[in-house]
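Each of the two complexes below includes chain A, the first together with chain B, the second together with chain C.
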Partner chain A sequence: MNRTHWTQRIDPRWLYLILLALVIIGLLVPIPLPLIIGPQTRALYDAVEHAPADKLAILCTNWSASTQGENRPQTEVILRHLMRRKVRIALMAWEQQSTNLARELVEELAPEYGYVYGRDWINWGYRAEANGTLKGMVLDIRDTFKTESHTRIALTDLQRLPVMAGVRNTKDVGLIIEISAAGTYKNWIQFVIGSTPAKFGYGPTSVMAPELYNYIDAGQMAGMMFGIKGAAEYEHLLIEDGTLKKPGFTTKAIAPISLALVLLFVLIGLGNYGMIATRKMERDA
Partner chain B sequence: MEPQGWSTTPGIWFGAIGTLALFSLLYRENRVYRLFEHLFIGLAAGYLIKATWRETLEPQWWVPMWGGQWPWIFALGAGVLFYTIYSKRYNWMSRISIGILLGFVAGQIFQQTANEYVPQIRNSFKQVWGVKPPPGSAATSLGLSLSNAVFVLVVLCVLSYFFFSFEQKNKAVQASARTGRYMMMFAFGAMFGATVMARMALLIDRVWFLMHGWLGLG
Partner chain C sequence: MTLKSLLSKLFPPLHGPALYAALAGAAVLCVFLFFALHALPPRARKVAIGAATFLAGLFYALEWFWPADSAGNNPMTFAVPTVGNVANVLTAFTLGLGVMSLIRIHGNNVIRQRASWENSLVLLLGMVTMAVSGLFFDKSMFFRSLFRDVLNSFDAAMFATLAFYIISAAYRAFRIKSVEATLMMAAALIVMLGMIPLGQFLTSSLPANGSFTSIFRLDNISNWMLTNLNGAAQRAINFGLGIGALAIALRVWLSLERGAFFESTPE
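Let's turn to the complex of A and B:
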């Protein structure tokens, strides 16, 4: 005789199927859910909104295809906001995949906002080591990267790269944003933030977000996007200011996430109930 | 919603087949899953080598070295020494490179610690009474004071949990340490919840890719 409660004998494949069904329903059926803008997202939005338009903004990425579900929408909303404000953008990456993934995203958005490579944006490329690169950037960005990533034009060639005009080191930068699936925000705080007037904003995966409130509270970070929820909040702010006409995938993803989390609450409750019930059955036997 | 039809792009099809193959593990272990797992690992490793060469080694080391900055050749020697760790006879040589690297890192630690933690320590000294709300803020002085007091209390409780240098016999210290432990449990719970949300977001992205990018739904 099997002395376990029925909840302990459920084939997990049924649970995967229910989860999949909920996700599909959430994506296909519009479910109006309230979206409250968190103070950390608003602070990040304000930092981008008030970044000096005549200075370069650095957008550093450290994500790969494995976390693009969260990091790509974050990168997109930041890019749209910067492009709407006509701020010059420099891409750089600590992750070998994200250098191309972020570049593709900029190339996709550039025609919409009239951004031209070399004039309005530049790609400094991927660097394998963060500390040395950042220490170099504090002294001299042109000497650290030497060339841009696409066709290897020297960063000192201002005729072909007017985007680099007036940019010598991180003191000449107006804003630094990193979208990341790893803890490289620390490298920026340890080596760059404090030596530049530029504000630092961060877009982490949800996994990392809870540990970042210390940095925001201490003023080391201007704000952050809490994973995909933060991206949805940011998207909402962009709709409010007219940058975006309608919600995109990020807002659409909030409903299935909420449904999936409700399912998890139920399953955690059932699992605990089943465990207690099984113990009771064993004691009674 | 208007169905837009299946994608005709080979890359999308390859992505969709790869996604389904990896999801097939949820049903049971199978060879298709293993094949695609190895394929993905191989692709990622190959991509890493290519990107490291093209984005870092070639422009930062190879081109300058052949362009007249010949001392860069010594970087190759220092790098190769790391690989002597695989030889029983010569593995002592790897310690030279490791020592140099440790020296660099140790030097950086001072700056790292000061820049990362000093502002946070300074920020933990908060005014717990008579806090003036910032102009234009809806917060009240009492609310901000209470918030700061909770912050300071939690910091002290968590710190007291880590008093391992002496036995915690004092009842006040015991209560404080226990409270600190519960506070950390709250934080770990928040982290776990955030982790679950992250995983769900990644799943939803893949399902959306299959539905929208591949099948043309939604």
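Let's turn to the complex of A and C:
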């Protein structure tokens, strides 16, 4: 005789099916939910909004396709905000895939904002080792990267790369943002932040975000986007300031996440109820 | 004469054929050094590698602790970007080591037709196809399709399956069997509810701030817990990690780490 409560014997494939159904429903059916802008997202928005427009902003990426569900929308909202403000952008990456993924995203958005490669944005490319690169950037960005990554033009060639005008080291940078699925924020804080007046903002995945509250509290990080939820909040701020006309996929993605989390709560409750009920059955037997 | 000017004099910038000749010479020297290191007895090899490790670490230590002038530079500072580039090149070599290891293990699987050798063959073919198309045809539609449509999709799909495992784990494993587990679950519920719009909706009628009742809003409670409770715990963890990392760094720098540098090799 099976002495476990029925709630303990649910085939997990039913749970997978329910999750899949909820995600599809959440994506297809518009659910009007309030989105409260968190203080960390607003602080990041303010840092980008008040970054000096005449200085270069570094956008470092450290994500691959596996976390693009969260990191791509984060990268997109930051790019849109910088491009709307006509801030020059330098891309760099600690992850091989993100070099291409971020470049493709900029190339997709550039025509909309009239951004031209070499004049308004540049790609410094991928670097395998963060500490040595960042220490080098504090002293001399041109000497550290030598060339841009598309056609290998020397960073000292200001005729062809006017975007690099006035940029010698990190002191000449107006803003540093990293969108990442790994803990490279520590490298930036150890080696760069403090040596430059530039504010430092972050876009981590949701599971990473709790690690960053210390650094925001200490003022070493200006703000952050809490995973895709943070990206959706940022998207709302961009709608408020007129950068975007209507919510995009990022905001739409919040509904399935909400529904999936509700399912998670229900299943935790069900699992625990089943455990208690089984114990009772065993005692009564 | 400063160290910088001395080095600039000894190694002036090269261009054209001289640069390629120097590169070829460096490659030959590296191969010679590799075989020379290999030919050394284990004890001498350990000393050589220990000395190289110590000197490499010493550069950054000296650069950091050496008093700087008013501009913030010391005699080592000028070399930091170059040493950073050397570090990048060395780190990139680990990619080559990974490729060598994959070819050796999976190549053996295929040649000896071990269990699931077909998977090894697919892996090797995939690696070669991706590498060749990326190196020589990176502007082609073929590479873009492989990268965007195949690799990216597989990568994203693999990660997305985590959601199903989390749901299954929540149902099967998250049991409230102790006070600690109950506290953890309560904290998790509050934080998650405070983070999602559905949860925020529950207390959205309360004022956001400036009122006593605002502290009962789920998003405010969630934010307070993340900033204060989670922040304190993270600081403690980071403090422990920092001390541990310092100890490990010293052991590696001074080659005291057990098992390092061929210690297991019979002398």
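Keep in mind that, in the parts below, the second predicted complex is superposed on the first by the 285 of 285 C-alpha atoms of A that agree within 3 Å, B and C clash if a C-alpha of one lies under 4 Å from a C-alpha of the other, contacts with A are read in each partner's own complex, and residues count from 1 in each chain.
Here, contacts are C-beta pairs under 8 Å (C-beta built on N, C-alpha and C of every residue); 3 or more make two chains touch, one makes a residue touch a chain.
Everything quoted here is computed from the prediction, not taken from an experiment.
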Inset, instruction - Put chain B and chain C onto chain A via the superposition and say whether they clash or fit. - result: clash
Inset, instruction - Go through the superposed model and pick first if A:35 touches only chain B, second if only chain C, both, or neither. - result: second
Inset, instruction - For A:271, decide between first (touching chain B), second (touching chain C), both and neither. - result: second
Inset, instruction - Identify the partner contact of A:242: answer first if only chain B is touched, second if only chain C is, both if each is, neither if none is. - result: neither
Inset, instruction - Could you tell me if A:262 is touching chain B, chain C, both of them or neither one (first, second, both, neither)? - result: second
Legend entry - Touching partner for A:131 - first (chain B), second (chain C), both, neither: both
Legend entry - Which superposed partner A:111 touches (first chain B, second chain C, both, neither): neither
Inset, instruction - Scan A:139 for contacts with chain B and chain C and give back first, second, both or neither. - result: second
Inset, instruction - Considering only the touch criterion stated at the top, classify A:253 as touching first (chain B), second (chain C), both, or neither. - result: first
Inset, instruction - Identify the overlap between the chain B-contacting and the chain C-contacting residues of chain A. - result: 16, 19, 23, 64, 66-69, 97, 127-128, 131, 146, 210-211, 214, 217, 226, 229, 257, 260-261, 264
Legend entry - Footprint of chain C on chain A - complex, ascending: 10, 12, 15-16, 19, 23, 33-36, 38-39, 64-69, 97, 100-101, 104, 127-129, 131-136, 138-140, 143-144, 146, 210-211, 213-214, 216-217, 226, 229, 254-255, 257-265, 267-268, 270-272, 275
Legend entry - In the complex with chain B, residue positions of chain A that touch it: 13, 16, 19-20, 23-24, 26-28, 64, 66-70, 72, 96-97, 99, 125-128, 131, 146-147, 149, 152, 186, 189-191, 193-194, 205-211, 214-215, 217-220, 226-229, 249, 252-253, 256-257, 260-261, 264
Legend entry - Complex interface listing, chain C residues touching chain A: 60, 77-78, 80-88, 90-92, 94-95, 147-148, 151-153, 155-156, 158-160, 163-164, 166-168, 170-176, 185, 189, 192, 195-201, 204, 208, 219, 223, 226-227, 230-231, 234-235, 238
Legend entry - Touch list for chain B against partner chain A, complex: 1, 26-27, 44, 47-48, 51-52, 55-56, 59-60, 108, 111-112, 115-116, 119-120, 122-123, 187, 190-191, 194-198, 200-208, 211, 217-218
